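As written, the chain order gives the labels A, B and C, with residue 1 at the start of each chain.
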Amino acid sequence: MAVFAASGASAGVAKRLDLFGVVFVGAVAALGGGIIRDLLLGAVPPYALTHWVYLVVAVLAAILLFWLHPQFNRLRRTVLVLDAAGLGLFTVTGTLKALDARVPALGACVVGMITAIGGGLGRDLLTGEIPIVLRREIYAVASLLGAGTVAVAVHLHAQRSPLIAGTALLVFVVRIVALRRRWQAPTPPPAVLPGPDPGAS
Amino acid sequence: MAVFAASGASAGVAKRLDLFGVVFVGAVAALGGGIIRDLLLGAVPPYALTHWVYLVVAVLAAILLFWLHPQFNRLRRTVLVLDAAGLGLFTVTGTLKALDARVPALGACVVGMITAIGGGLGRDLLTGEIPIVLRREIYAVASLLGAGTVAVAVHLHAQRSPLIAGTALLVFVVRIVALRRRWQAPTPPPAVLPGPDPGAS
Amino acid sequence: MAVFAASGASAGVAKRLDLFGVVFVGAVAALGGGIIRDLLLGAVPPYALTHWVYLVVAVLAAILLFWLHPQFNRLRRTVLVLDAAGLGLFTVTGTLKALDARVPALGACVVGMITAIGGGLGRDLLTGEIPIVLRREIYAVASLLGAGTVAVAVHLHAQRSPLIAGTALLVFVVRIVALRRRWQAPTPPPAVLPGPDPGAS
């Protein structure tokens, strides 16, 4: 979660926000996905607001990044790895919480995915970017895959602890392999434009 | 609803999002208004997440558009007509659901309108545009007119079925006529700027 | 609250939105913070939708601004003062409502601050700007200070009426002094870039 906060804070620094802005965007990146999940499930007030540890860790991570961001850039690889681990954990816990709230399987997968990508969506909206997760790379798709695995496994009455660990690991591995191999989701076929007459040249 | 999904997917394609992004923006455009309505009314988990048909239709419509968008552009007129029909239905069902949840008339109109325009707002925010509904054309105003009609009719104990059909038709007709006649809401009077001295020329 | 509506409407006018857009952004700026607060606390339907006075005042203020905005620009100083007063009141009522809903102190401060800055966040997102509150000036920090004061005072069983008046005044004064003295939150230290070799010139 601290890594998500650092990613948000890092986006804030890149946009030259002030200390408050950097911390706010960091907190949104870290806690936003869980807060949206809790709003969708009616679990209010959201967990992130009633358990101060989450808030404090997110704020501290963002403040650290604010002061140390030049050094942070050198850790880019480590950050991506930790981020992939967070992706897996957020997906699994979000999907399980939705299933426990009696959301049907398909809806629970959506909730699980939104738990994982919601913070990044909020971060990108606040910093004026089209969300990166919508543009490229296998990120949300890895999350959806994990969420689907959880939904099927719960339906088959799998045990919780190995399920959580196993699926989080699955999402992590898919994400890391996708990064290494530069897998991309397909982009739209280009529209057939009239274009300049090739015979004119 | 599939038309709203197609409008979202179309916006995603225009921004060169990948397949996941196109489907996500399509789903937000189709289901976002209803989800905001349910959050405002405390009807959680939202209907769109507990009834998989909605999710599947939205996703399929977006995927279809992803592959077929060059052809889709030729159907522009049909799309605007279907979109106007969706505007009417979303407005009426949203307003009724709010009244049933004991929201007072004025607030229920707002909820009905947000049900109708919320998906488009989400679509435009995710693709980095100032929402089109705020900038021009009679769109939200047609929706508000329908919502007001519903609120008055319910107050007068009108029967449900003719009310739904009649008001949805009303919104549809207003929207279509507004499109044909290019009706626009007024824009702000320009500020009186000092400007270059006209005597100088 | 009318001042928040005017700030939203003003942003809408600056972006050349139509009358509906100006009113909508005005209403979001005025009521958005309170609506987010109520969603986070599960107090649905939100207060702003069930008490029509709020809605009507916000809409009227936005319409007035739509017609009178050239004159409005001359009142800039008055507007900043009234806005600071709103900042204080929104912070205090938001924090108290969260504490009454049994949100722990730290979370309640966040809710109070979001009540105060949420409308401005919504306004800036709808008009395509990176939220001003994240970029500069002591605005949210004044709000947080007030929220913290409320949380501590409630813990010490302070009386409500003087607490509300006193803390709202405190936020107001901090904000006004910050404006006068041009206090700013710190911005990030610049990254050490390789840069052009100075010896080359």
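To be clear about the criterion, a residue touches a chain if its C-beta (ideal position, glycine included) is under 8 Å from a C-beta of that chain, and two chains touch if they have at least 3 such contacts.
Keep in mind the model is a prediction, meaning the values are calculated, not measured.
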Same residues or different residues where chain A meets chain C? The copies count as same if more than half of the interface numbers are shared. different
Angle of the rotation mapping chain B onto its copy chain C, from a C-alpha fit, rounded to a multiple of 5 degrees, please. 120
Between chain A and chain C, what is the gap in Å from one C-alpha centre to the other? 28
What are the residues of chain A that contact at least two other chains? 39, 42, 125, 128
Chain A residues touching chain C in their complex are 12-13, 15-22, 24-25, 35, 39, 42, 44-46, 48-50, 52, 55-56, 66-67, 69-70, 73, 125-128
What residues on chain A touch chain B, complex-wise? 39-42, 98, 101, 103-104, 106-107, 110-111, 121, 125, 128-131, 133-136, 140-141, 184-189, 191-192
